[in-house]
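Just so it is clear, A, B, C and D label the chains in written order, and each chain counts residues from 1 on its own.
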Amino acid sequence: MILEFSFRFDQFSIFIASSIAIFTLLIGLYALIFMKGNRASGQFLVYFFLNCFFAIGAVLANNLILLLFFWESLLLTMFGMIMVGGRESYKTAIKAFIIIGITDLCMMVGIALTGQLAGTFTMSAISVSTAGLGGFAFIMLMIGALAKAGAMPFHTWIPDAASDAPLPFMALIPGALEKLIGIYFLTRVSLELFKIEPASWASLLLMIVGAVTIIFAVLMALIQKDFKKLLSYHAISQVGYMVLGIGTALPVGIIGGLFHMINNALYKSCLFLTGGAVEKEAGTTDLTKLGGLAWQMPVTFACFVVAALSISGVPPFNGFFSKELVYDGALERGWIFYAVAVAGSFFTAASFLKLGHAAFLGRSDTKSKEAPWPMLLPMVVIAAACIIFGVYNTLPIDRIIAPILGSHALEGHKFSGLPANMFLVLMTLIVLAGAVLNHLYGVKKSGKAIGAADHIHYAPVMHSLYDRAEKKIFDPYEIGMKLANVAARILYGIDRFVDWFYEVFTVRIVLLFTSLIKWAHSGNISTYVIWSLVGSIAVLVMAWR
Amino acid sequence: MTYLLLFIPFAILILINLFPREKRTEPAFWLGLAVLVFQAGAVVASQFGYWGTILTSQLESVFGFNLQLYKMGHVLVMASALAGATALLVARATLKNKRDRFNFVGLLLVSLIGINGIAMVTDIFTLYIFIEVTALATFILIMLNREQAAFEGAFKYLIMSVVATVLMLAAVSLFILIGGGTSFLDVKMAVISDPLAYTALLLFLCGLFIKGGMVPFHGWLPDAYSSAPTAVSVWLAGIVTKASGIYALIRLMVIFGGLEPLQNIMLTVGAASIVIGALAALGQKELKRLLAYSSISQMGYIVIALGSGTVLGIFAALFHFFNHTLFKATLFANVAAVEEQTGTQEMEKLGGLAQKMPITGLTSAIASLSTAGLPPLSGFWSKLLIIIALWISGHYFFAAVAVLASVVTLAYFLLLQRQAFFGLVPAALKEVREAGPILLIPAVFLSLLIVVIGLVFPFMIQMVLR
Amino acid sequence: MVIDQLFWLFFMTFILLLIEGFYCVTVTYNLFRILIGLEVLIKAVTLFVIAAGYLSGHLALAQSIVITIIVIEVVVVVVAAGIILGFFREFDSLNVKNARRMKG
Amino acid sequence: MMLLSVLLILLVLISLWAVMTPLLLRAAIGLAATSALLTMIMYQLGAPLAAVFELSVCAGLISVVFVSVVSLTHRLPLKEFMKRRQSRIKRFIFLPLLLVAALAIMLTIKLPFQLQLPAADKISDVRVMLWNIRRIDLFGQIMALLAGVYGVLILFRGRKTDGD
C-alpha cells in the first residue's frame, strides 16, 4: 500500500477553503481589538491562525491520512485557544479535548477500515458500499465528522466553552469553522466515499441524528439566560438542519444543507460578534442585567437584527432560502422530519425574539457606547453578506453549490430564486407569525408591560405559564408548552448523563485498574524476579512449535 | 567509521583522566560534548558516503574487529548523541559536586562505547558483552549521588540484569552446542534447522525483554529511573534501556522477522507493556516515576510494531525509537528544570509552573503531546505508521489496543500538565523563576526538532519509505 | 548416544544449580545472600557454556567466551559488593526489607 | 564419565551448602569451593585456560571481595541471630526437597530429541580464538574493567563527602 500525499483543488474544496480564509480574516480583525489587554492575546492569535492553516489543509487534503494529520492538529489549536480563556477554562479545555479526541480516534479507525476496504487512502479514488464492514467504517467516519460539526451527542463541550473561552473563539470555531469542515467532511464521506442512496439506512440514520439535534438543542436554548450560552445551543441546533439536509441524499436537500452551512457560518459568527461587542461594552452577557442597548449600540443592534432574522428563517434573508430547501427535501423523505424541522424553526424564532427583546429593547440600566470600528466592520460585512446571499441567492447556489453535485445529479432542476413549493413557504410564515404571537403573549403574561425586558428573560414561556397554570390547566397551549418544558428538562438530564459518562464513569473504571496495578508493584524484588521467570516460561510455552 | 565510533570515546576517556585533578571537570565536559557532536556529525556525514572510504581502509588492517554499521545503526548512534548531549548539559546544571560531574562524563563515555558497540555488532555474544558494559556503567551512574533510594534502584536493576545475563548466556551456550558459533549468521542457520536453537533464541529474547523493561519483566525499571539523579534518568530513559533491550530486539527481528510465533510474542508483550505501563503511569505522584512508566508504555509501541512482521513495521519501530529519545529527553530535562527551581518533583506540591517557567511549560507540553501522538508533532507519524503496519498485517485487535492506549497516554500527560504546569501556584512556589539557559537549551532544541520533524515528515515519507 | 547422555547430565546439573540460585534470590531476606544466589546462577551458566563447547567440539570458542564471562562477572560482583556496602552504611542492616521503599 | 558425574554431584551439593548455611562467611567459603570444583570440571573437560581464570579470579578475587564485605558489615547479636536462623530453616527447608523432586523428574524423562552437533571447529587454539577471531571481546572486557574501576572509585568511597 503506497501512501501518496496529495492535495485536491475542486469546486467544493476551494469554496470551503476560501470561506475559511475569509472568516478567519474578518474575525481575526475583530479578535485584535477584543483580545487587547488580555495577557495571552499573542498566544491566542498564534493558535487562531495556525487553526486556519490546519483547517485549510484538512479541506484540501486528497489523502485520508493527510486529512487525519490536519484534522487532529485542529484538536491541539482548539485546546490552546480554550486554555487561553482563564483559570476556569482548563476543565472545559480538557472536556473538549477528550470528547473530540475520542471521536477522532473513531475516525482514525474508520479511515483505517475504509483504506483497507478500498485498497487506497486517496479520497478521489475511494468508493465503498455501506454494507457489512463498510457500514461500520461509515459510522466511524460519520462520528468524526459530526463531532467536529458539534451534533448530538458530541456537543456537551460547546456550551461550557461559551462561558469560558474567549469570544472570538466561539465566533470562529464552533460558530463557523468547525461546521464548515465538519459538514464538508460529512458531505465528502456520504456523497463521494460511500455514495449513500435516499432509501438506505445510512441516510435514515443521518436524518434522525439531524432531527434530534435540531429539536434537542433548540429546546435547550429556549431556557438559557445568558447571551453566549443561548447562542452556543443554537450553534448546535443549526447543525441539525445541515445534517438533515445532507441525510436526505436528495439533490434539493443536499444543496439546502450546504447552503445552510455557509449561511449558518455567516449569521452565527455575526451573532457571536454582536455578543462579543455587548460583552466588551456592557461588561456582561447575563440577560437579567442587559437591556435597552438598541439605542446605545445602533450598529450592533442592526447587525443583530439581520442575523437573528436570518437564523429564524424570515424572508428574504439567507436562512429562509436554505431552510426551505431543507424542508423540501425532508418532506419528501417523511412528514415527521419536516415537522421536527418546522418545530425547530418555531423555537428558534421564539428564543431570538426573547434574546433581542431582553438584550436590546426595554429600559437600560447601563451606560454603553458603540464598539470601535474594527469590531463593527466584520459584523457589518457579514450582515451584509446575509442579506446578499438571501436576495441574490442565485449567486451562491447556481455558481458555487450546485456545481458540486455535478450537472447530471441536478437533472435540469433549478434550486435558486424563490422557493418552488409555495405550501412550505406558507407554513413557514404561519410558524413565524405563531412565534411572534407566542412572544407577545409570553411578555404580556409575564406580569409587566412590553418594555419590561429585564423581566422577560426569566423564561418568557415558562414563568408566565406557571402563573397561568393554576387557573387554566386545560389550556392546550399551556399543556403544549409544559410538555416542551418537560422535554427540555429530560433532555437536560440526558445531556448531563452523557457528560457523566465521559467524565466520571470511564475515569472510574480506568482508575480501578490503575490502583490494582499499583498494588501489584509491591517494591519487593523477589516478586519482580518471579514475574520475569514466569514471563520467560510463558514465552517459551507460547512460541513452542 | 565503525572503529572511530569505539576509539574516539575511548581515547577521550583516557584523555580526560590525564588532566590534573583540580582542573579536569571543565575540559571533561567539553570533550564529552565534542564526542557526542562527532557522533552526530559522523551519522550525517555517513549519509553522504564520506567516512567509509577515507579512514576505515587504513584502520582496518590495525584492528580486526568483526563490526558493521548498518543504516539501522545510524538511528541508534544519532539518538545516543542527542540523549547524551542532553544528559551532559543537565548534569552540568544539576550535579553540584565537581567530582560527580567528572565521573558522570567518564561513565557516560563508557556506556556510550557500549551503545556504539551494540549498534555495530555482528555476533550474538559480542552483543551481550556490549549490553553488559552499558549496564555496568549504568549501575554506577545510578548511584552517582549515593542517595538512599539509589542503592535500592541500582540493586534491583543489578539483580534483574543478572537474571537476564543467565537467560542470554544459556541461549549462547545452546547456540554453540548446535550452531557451532555465535555470529548472527550461524545463529540464523541453527534457529531455522533446530528446535533447541529456536528455544535458545526465545531465552535470549526474554533476556532482552528484561533489559528493555517490557511487561512482565519490567519490575526494576520504575525504581531505577526514579531513584537515579535526573541527569542519569535522561541518559537511562533516553537511550540506555532502549539500546540494550529494544534496539537489540529490533536487530534480531530484522534477522528472524519471518518467524510467525516470534511475532505473536512481540504482539502480546508489546500490548501488555502498552496497557499496563499507561495505566500504571496514570496513578503516579512523582514526575520521574510517571515518565518511567510512560517509557514502558512507549517501548510497548516499538515492540508491537515489530510484531507486525512487515518492513513498514520495522521502519515505524525505528522511527518511534528515535522519537522516543526526543520527547523523553525533553521531558526529563524539564523535570530537571522543575526540580532545580522548586526543589521537588512531587506533583502535589507543584502547580501553575507554566506562568513561572513559560519555556519549560511549553516544551513539556510539546513533548507530552508528541508522546501521546498528536499532530503536527513527530510522535503522531510514528504511532500512525505503527498502527497502519499492524492494520495492514491483519492484527486488528492489537491496532485497536494501540489506539485506545494512546487515549490513556493523553490522560496521564494531561494530568501531569494540570498538576505541575497549570492551575494555581502554591504559596511555597511564589518566588520560582525560569531555569537557567543550560537546562533550557536542550529542551528547546529537542522540542524544535519534534515540531520540525512532525511538519516535514509528510513530505519526506515517499523518500523515506523507498 | 554417549554425547546425548553427557548432555543430559550437564543439563540436569545446570537446572539444579538454577533452581538453587533462583530459590536463594527470591526467598532470602539478606542482600548478601542474594549476591551468593546470583553467583551460583552465573556458575551454572559458565558450566553450561564449557559443556556446550566440549560436546560440540568448539572448546576454544567456549573457553574464550568463558574468560570474558568471568571478567564481566568480577565487575558485576564488585559493583554489587559496593552497593551492598553503601546500603549497609545507610541502613546499618542488610535486610532486604529496607529495599522495598519504592512501590506503586 | 564416572569422575565427571561425581564432580558434578559434588558441585551441586557444595553450592547447596553455600546457599543454605546460616553464616555469611561460610557461604562465601562455600562459593569459593564451588568455584574450585568448577575449575576441576573444566580441567577434566580439557579447558585448562578457562580453568585457570576460574580458579584465580572466581575462587580467589571474588572470595576476597566477599570476605571483606562480610567483615565490613557487622554481625547480628546472638539472640537475633538464633531467631533469624529459625525463620531461615523454615524458608530454606523446601530447597533440598525441590531439588530432589526436580532430579527425579529429570531422571525419569529421557532426552526428547537427538542432538545434531555441528562440524568441529577448525581453530582449536584458545589464544588464536581470543586474540585473532574474537578481538572485539577483549575490547569489551577492557571497557567492563574500566567501568569496574569507576565503580570502585565511586562506591567504595567513605560516607558522602562534600566538595571535591
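Note that a contact is a pair of C-beta atoms (placed from the backbone, for glycine too) under 8 Å apart; a residue touches a chain by one contact, two chains touch by 3 or more.
Predicted model, so just to flag it, every value in this text is computed and none were measured.
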Enter the minimum step count from chain A to chain D; a value of 1 means the two chains touch.
2
Any chance you could check whether B-C or A-C wins on number of contacting C-beta pairs?
B-C
Cα centroid separation between chain B and chain C, in whole Å?
27
What is the distance in Å between the mean C-alpha positions of chain A and chain C?
66
Quick one: chain A and chain B, Cα centre-to-centre, how many Å?
44
Whole-Å gap between the CA centroids of chain C and chain D
6
Give me the residues of chain D that touch two or more other chains.
115, 117-119, 121, 134, 137, 140-141, 144, 147-148, 151, 154-155
Any chance you could list the residues of chain A touching two or more other chains?
518, 521, 523, 525, 529, 533
Each of the following residues of chain C touches two or more other chains, namely 7, 21, 25, 27, 34, 51, 53, 55-58, 61-62, 65, 68, 72, 75, 79, 82-84, 86, 99-102, 104
Take each protein chain as a node, join two nodes whenever their chains touch, and name the resulting shape: line, ring, star, complete or other.
other
Residue ranges of chain C in contact with chain B within the complex
7, 14, 18, 21, 25, 31, 34, 38, 41-42, 44-45, 48-49, 51-53, 55-58, 61-62, 65, 68-69, 72, 75-76, 79-80, 82-84, 86-87, 90-91, 98-102, 104
The chain D residues in contact with chain C across the complex are 1, 4-5, 8, 11-12, 15-16, 18-19, 24, 27-28, 31, 34-35, 38, 41-42, 45-47, 49-50, 53-54, 57-58, 61-62, 65-66, 68-70, 72-73, 84, 91-92, 94-95, 98-99, 102-103, 106-107, 110-111, 114-115, 117-121, 123-126, 128-130, 133-134, 137, 140-141, 144-145, 147-148, 151-152, 154-156, 159
Would you mind writing out the residues of chain A in touch with chain C in their complex?
518-519, 521-526, 529-530, 533
Touching residues (chain side chain A, partner chain B) in the complex
1, 3-5, 54, 65-66, 68-70, 72-73, 75-76, 83, 87, 90, 94, 97-98, 101-102, 105, 108-109, 112, 116, 510-511, 513-515, 517-518, 521, 523, 525, 527-529, 531-536, 539-540, 542-545
Interface with chain B, chain D side, in the complex: residues 113, 115-119, 121, 132, 134-137, 139-141, 143-144, 146-148, 150-151, 153-155, 160, 162-164
